[in-house]
């Protein structure tokens, strides 16, 4: 199944792009997605990352479904 | 000696004027001034009053000096 | 309204631009300003009866010289009590239509926690010590506000 | 900027008029609005070294859909926690010159104590949960801000 991963701020700088299409297996979790991203963009592994699924904060064991919009970003700093 | 008494808000309404010239004796206190004002404007005596001397909050036993600007007013309600 | 980055307190009979007040207190090392904007409200609950009264307009009267002195004392005291950079206080006097701003207090501080605490302290003190009086005018009468009890 | 007396949250790439934001949250039964005005500051202390750096300008980036969702969650939570009437939150994105407003949070409440408490809570939470990122651009480089630790 296919998901879209979005990058913002520092993660976009590291990835050198603002989004990435990923193929993942049924039952994949946020952690699975992170592992795949670390292999594609190794410097991401050095960051303390947050992950969201369909615009809601998710945990590492949250299940990813086909068509989900996943975002990976460092600590927010608005205000 | 002579002092000028100022009224504001409710006290000006009661006095029907915004200021009053008073003759008081040497050694007069704020309390002396209030007593004189109560005799001139009796409804003032029913009010919980604050008094200032030369634009500083004063107590009943504060001494009044010749030429002082004394003000008599009810609880402030700005803001 | 030209000086920037200094304390100030003023009385004015014209409309208050809240934005300009807030911006005058901003020094370059600060990142946040907290502003209290008080304004003439249409509906007021009468303390004694709980009845809701509709206000047509307000009139504020100040003992101008002493009001400015007391505001300056509050500014000095706030600088002693809180880690803040600048304070601006502007109070309107005269007649105010419903919705018009009666008082603005803006506090700029390096840390917003101090700005919040100082701004809240300043309005509480102002309502208890600065010689300004509010008259509420209703359709069927008028009354001088009784002010706010010390807490 | 026409609706008055309702909650709202927005992202905008244009200048923010703090006055208009504050006035949009005012319902007729309230007498006070507390506003937090955050802006791009020139000087920032580097946490690790204590060095003072001069910022030339800022760039804010938002995950727009999620940022608005998170802001709406904060508004809902604030209504549960505090006795308040209306909340307005506007956050700017894109490039900001020094001194320009990045965020405004205005809270109107019947009692100003609740307005102060809610406004302070909202900015603290916004800085920890709303997906917006700040980049500081210096003469000799740039850095994404590390945000604010939960307290």
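Here are some notes:
Read from first to last, the chains carry the letters A, B, C and D; within each, the first residue is number 1.
In this text, a residue touches a chain if its C-beta (ideal position, glycine included) is under 8 Å from a C-beta of that chain, and two chains touch if they have at least 3 such contacts.
None of the values given here were measured: they were computed from a predicted structure.
When chain centres are defined as mean Cα coordinates, B lies farthest from subunit D. Distance between subunit A and subunit D, defined via averaged C-alpha coordinates, is recorded as 26 Å.
The centroid of the Cα atoms in subunit A and the matching centroid in subunit C are 48 Å apart. Distance between chain centres (mean CA atoms), subunit A to subunit B: 73 Å.
Counting partners per residue, subunit D has 38, 123 as the residues that reach two or more other chains.
Contact between chains, as defined at the top, is found for A-D, B-C, C-D.
Within the complex formed with subunit D, the residues of subunit A that make contact are 6, 8-10, 12-13, 52, 55-57, 71, 73-79.
Those residues of subunit D that touch subunit A in the shared complex are 38, 60-63, 65-67, 69, 91, 102-103, 123, 126-135, 144-148.
Taken together, the subunit D residues at the contact with subunit C in this complex read 17-19, 22, 26, 28-43, 98-99, 112-113, 116, 119-120, 123.
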